[in-house]
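Okay, so chain A shows up in both of these, paired with chain B first and chain C after.
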Partner chain A sequence: MEGIGDSALVVARSLQSGRRLRRQLADKLFTGALSGIALFSVVAVLAIIGVIIVKGLPIISWSFLTSPPAEGMTAGGIYPMIRGSVLLMVGTLVIVLPVGILGGVFLAEYAGTNVFSRFIHASVASLAGTPSVIFGLFGLAVFVLMMKMGVSLLAGCLTLALFTLPAVVFTTENAIRSVPESFIEAGMALGLSRWQILWKIVLPNAIPGILTGVVLSTGRAAGEAPPILLTAGIYYATGALPRGWEILKQPVANLPYHLAEGYRQGGVIPEAIVWGTCLTLMLFVLSINIWAIIVRTRVRRRQRW
Partner chain B sequence: MVSSTAFLAGEYIAVETYSLSVFYGETQAVKDVSLPIARNRVTALIGPSGCGKSTFLRCLNRLNDRIPGFRMEGRVRVLDVDPYGKQVDLIELRRRVGMVFQKPTPLPMSIYDNVAIGARSHYGLRGKKLDEVVEQALQRAALWDEVKDILKRPALQLSGGQQQRLCIARMLAVEPEVILMDEPCSALDPISTFRIEELMIDLAKDHTVIVVTHNMQQAARVSDYTAFFMYGELVEYDSSKQLFLSPRQKATEDYISGRFG
Partner chain C sequence: MRWLGKIFDLSVYITGIMVSLAVLVMFYYIARESAYAFRQTFCWGYRLALLPGDAEPSATPNTAHYSSLVVVNPEGADGLDEREETLPAPTLEQMRSEGAMLATATPVASELSQVRPDALYRDDWRTPKPAEKGDRFLLLGYASPEYAQSTMYLAWEPDHSFEPRLPPYRLVLRLVRAPEGVSVQPFEIDLKKQPSGRIALPAWIARSDAERTQGYVFAVEAVPQTRTFWATLRGLFTAEWAPTLIYPRYGIVPLVLATTLMSLLAMLFATPLAIATAMYLSEIASPRVREWLKPTLELIASVPSVVLGYFGLMFVAPSLQHWLGQALGMESGRNLLTTSILLSVLAIPVVASVTEDVLKTVPESLRESALALGLSRSEMLWKVVLPAARSGVIAAVLIGAARVYGETMIVWILSGGTAVLPSFDSPAAFIRSLVSSTRGIPDTIAIEMGNVTFESVHYGHLFLLGLLLFCITVIVNLAALYIGRRQVWRV
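After this line comes the complex of A and B, so read on.
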């Protein structure tokens, strides 16, 4: 009786340890596979960055960044392109900030959960998944041709604003929804109006989240060529800018456009300049993202709870 | 069931519910509660967890509005207004009915702004006038001496007990007539608790105070009247002395002697 019990126990133990071994092995394999994939993606990113730095760095200098192209685009710098990209970003922000934030506020606070708000949600979500080239074509058809803006800074900013709108709306909505309910109730209990609660309690708390989302998505938009290719870009630009509102009606050279054209023109722009532009664009987007992180941590620190 | 409210004879009734029932979707949180509450007295609401005390309290200033599935039946009267009536001015109602929550909820702004935000909005006060109101409110909440030199600091840097007194000051700054307190001391140490109890007694000189508490000693110490709830129903309502010394209902006796909940 005892013997049987013992051997049964031994069998059970060995079965158990066999199972444990297999589980540990599976665990190891899985961890190994995951680390491999992670490592691969890191290496791939580093390789891309490395190539761009190695190829782009030699040409980058103060004068490359601050002087216009020369000798029929075959020499000189890329100052007008940097300036154009900055102009496009600023214009896009000016348009998308109020519209996107209001949209997010509406969805989070006023729309409720009815059919209408679900319809808006679905629309914004599918807008977010639309390839950027579609936005470019839409901008060309509507802003450039139908509304007769021509290929211009304004048309480009509007197109980019549309492109970034879904991300801004959603990040605003999420940031607002994540403001603690207890703050809102405290405001209600004090007899503040819905508008005051939104303006003085909810928005200040949602701002870090909103800003991060806005800057990250405009950063992404800054690197997108398709939306501005047909709406705002121009191949050649001198150093001078038109004055006043005229600036909105003129096309602008910019970094992504310059890159795209650099290849399309079949070798007019020297390879070194293309790589230099590439690196500059990368740093441009990177600095926007870093700025977003700094702003967020600053604001967070000021209002920790 | 509560049959007689004779013990309230001579009191002015500031707040009253008639057959109030509250539902969250399918669940009924408050069942047919008729409760008159005396002006300028402390009334304690006691009862086991989940019996609907907070729900009842939040009907008086309509803080339940945002909760999905919330529905109420019966009638409520607060200072001669029906909070659920058609023409009610919610903002004015909530100004007259202040509330302190279980967890201190200072807003993420400065100590000064926390107290000033309501007074600014309701009375349009600015500058010196506003400073005065803020100081008075903080004095009354027994917090002034501790914060008078750090008014610009974020309120979230205060201790829990200070934060709760700040929330009381914030509420006082809009000059409410009725004060609702939902377990205001449950997150506090004995000394802070003692100070807030003192404050409740002081406030009841010119405010109608309704306080939810799980602390029997506290209810016995500070309140004039006590209502005992169970499963959403009002089981017993009497002067605190009567209710704690010789409860009429078996359930009340079991609860206050610690044999239940």
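After this line comes the complex of A and C, so read on.
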């Protein structure tokens, strides 16, 4: 009897240890698979960027970046496109900064928490997820045709500003909300009015977060082709820009538009120049973003809470 | 200082209300512009001819010597470079010299009393009228004295690319008057039910040029049937998108199906990868690794989509064509599959970063209790953390899907650009349509808006497409917002 009991125990133990082994194996496999997939994603991402760099780098030179296209786009550089992209970005920032920040302040401090504020949140969130081509359509209908701006830098900036608006509003709101409650309470205890609290306490502490958010979303806008395609782009632009405010009424060449329209025109631009333009556009957007990320981390280190 | 604060308050309120109404304003203006789609004047055209009694069954008005074209179209007819409306109807002399014995002619009048023997033409063009007005062409038919057979056929067919089912008219071909001394059953043919065909008639011979108007008189009539609005709406649910034809087709079904199919496929690729990456980042990776991985992932999110599109065009498409082209019967690397792959590259960082944020909000206590109950780490992740974060993960996938659904440049560059209906007949046919050229909603808007006449019908249809896209993405985003707000572990 005892023998039987012993062997039963042994079998049970070995079964149990088998199960444990299986569980350990499954555990290892699962975490291994997760790490593998994550590694794959990251490597794929880096590979894409790497290929663009490798293919684009040979043509990039000082003269490529500073001379206009020549011989019907088959030679020369991409200076007018870079200049146009910078102009568009500056214009977009000028428009979106005040509107977006005020909107964010409204959401964070004025809207309260009720049905109405939930409606506002839903409406800004759905604007944030709206495809860029819809903004292009709106810009075309309202800015270009209805307000008679024509295809122009101003119409493009307004369209891009609208495109970046929801992101700016949300980052501003988050930045303001992340200012510690105790700061505000301290201000209230000192007898400051709501507007003084906002102006003297909340905004100064929130401004780094707001700025990086604004820059990040403008970076995305700088790479989007569809809004520009319908509102501000021009393919052949080699001449000098007009002086003063006239510049706002002219269409501008720019990097994403150049790539899109170049594709529409059907392979006139040689592949090397296309890779070079791709790399320039990518670096243009990445440099904006990296700058914003660096500022964000430095500011975070300095924060006193 | 006090009034400054008041001004600030006021400007914040004004801007805030402007911002919150922005989406409605956009919706209003895009809907308003899409009203141009409903200003369609429907064109139609028919080719008619008399054929000899011994004509082959396959003979069409196109093969007849003197066929007439009746067209309601400012652009002319298909296959003709310019309008030939002043071409006179053939005289008997002319017919004799060319060996032709049967002819049709139009008097360019719509009432029998207005027919003049000295003003007969071969073809008739008209500018389209509003759909509520209708239209009527008269057509004469006669044979020359050389014609010896006792019967002849009246044959009809739609102008080359014309589809009789689309316009808001009831199109009718009828006998208005039979010549004296010829007994023939009156007929009335519904051209929507019988777009092309022929009908046998007793022959009638014109003895002199003046007598040409005394013979058969037929009429092609467009009787208003539905409103322009309904016809336009019904036209949307057809399977052909060809807005540049002389008789334009605005069927959006292939575009919607293609965009939906490529988004589904892209999310099928991206979802497992993105969720696994997010789980690795938030649950397994050491802080040092995470510090490097997360910005790298954010890096790809900031690569412009037009660059991704070109990368796909110059790198992915050729390699896919090289490795899989033979096996799948690909004609070109630019197809639905390649598009989906690049779209998934776009979706992965979006979904992964939102999922990671969601996983971070799962309370640590849940993980600790799971481990305390003796679960291994994988069991804890699979059976506790993931289910707890379920609604947030679904929201992340929806956000990614909305982003992919409206992506323009990748689809533009990689889809190939032919609007065809994917085939669901058999698995093989389905796979073939996955690797063939296609065209989606956003790229169609962006491409065709470049060469469209502003405020035309085509322009209106592009805005209509935009409105549809807008509605779909807003609904998906709101669903994500709603689902993501529920926190399962609080239940």
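Observations on the structure shown:
Everything that follows uses one rule, which is that the second predicted complex is superposed on the first by the 273 of 305 C-alpha atoms of A that agree within 3 Å, B and C clash if a C-alpha of one lies under 4 Å from a C-alpha of the other, contacts with A are read in each partner's own complex, and residues count from 1 in each chain.
Convention: contacts are C-beta pairs under 8 Å (C-beta built on N, C-alpha and C of every residue); 3 or more make two chains touch, one makes a residue touch a chain.
These figures come from a predicted structure and were not determined experimentally.
Bringing the complexes onto one copy of chain A puts chain B beside chain C with no clash.
Of the two partner chains placed by superposition, only chain C is touched by A:G103; chain B is not.
By the touch criterion defined above, A:P204 reaches chain B but does not reach chain C.
Of the two partner chains, chain C is the only one touched by A:R264; chain B is not. Across the overlaid complexes, the C-alpha centre of chain A sees chain B and chain C at an angle of 130°, to the nearest 10.
Of the two partner chains placed around the shared chain by superposition, chain B and chain C are both touched by A:Q196.
Comparing chain B with chain C, more residues of chain A are touched by C. In the overlay built on the shared chain, the residue A:M188 is in contact with chain B alone; chain C does not reach it.
Of the two partner chains placed by the overlay, neither chain B nor chain C lies in contact with A:S287.
By the touch criterion defined above, A:S61 lies against neither chain B nor chain C after alignment on the C-alpha atoms of chain A.
Of all Cα pairs linking chain B with chain C in the superposition, the shortest spans 9 Å. For the contact definition in use here, the residues of chain A common to its chain B contact set and its chain C contact set are 193, 196.
The residues of chain B lying in touch with chain A in their complex are 61, 63, 65-66, 90-95, 98-99, 101, 103, 105, 107-109, 117-118, 121-122, 154, 156, 167, 170-171, 174. Partner chain A is touched in their complex by these residues of chain C: 1-2, 4-5, 8-9, 11-13, 15-24, 26, 29-30, 32-33, 272-274, 276-277, 279-281, 283-285, 293, 295-300, 302-311, 313-315, 345, 348-349, 352, 376-379, 381-382, 399, 402-403, 405-409, 412-413, 442, 445-447, 449-450, 454-455, 462-463, 466, 469-470, 473-474, 476-478, 480-481. For chain A in complex with chain B, the residues that touch the partner chain are 181-193, 196, 200-201, 204-205, 302-305. If you check the complex, the residues on chain A that touch chain C are 23-24, 26-27, 29-31, 33-35, 37-38, 40-42, 44-46, 48-49, 51-52, 55, 98-100, 102-103, 105-107, 109-111, 119-138, 140-142, 145-146, 162, 165, 169, 193-196, 198-199, 216, 219-220, 222-226, 229-230, 256, 259-260, 263-264, 271, 274-275, 278, 281-282, 285-286, 289, 293.
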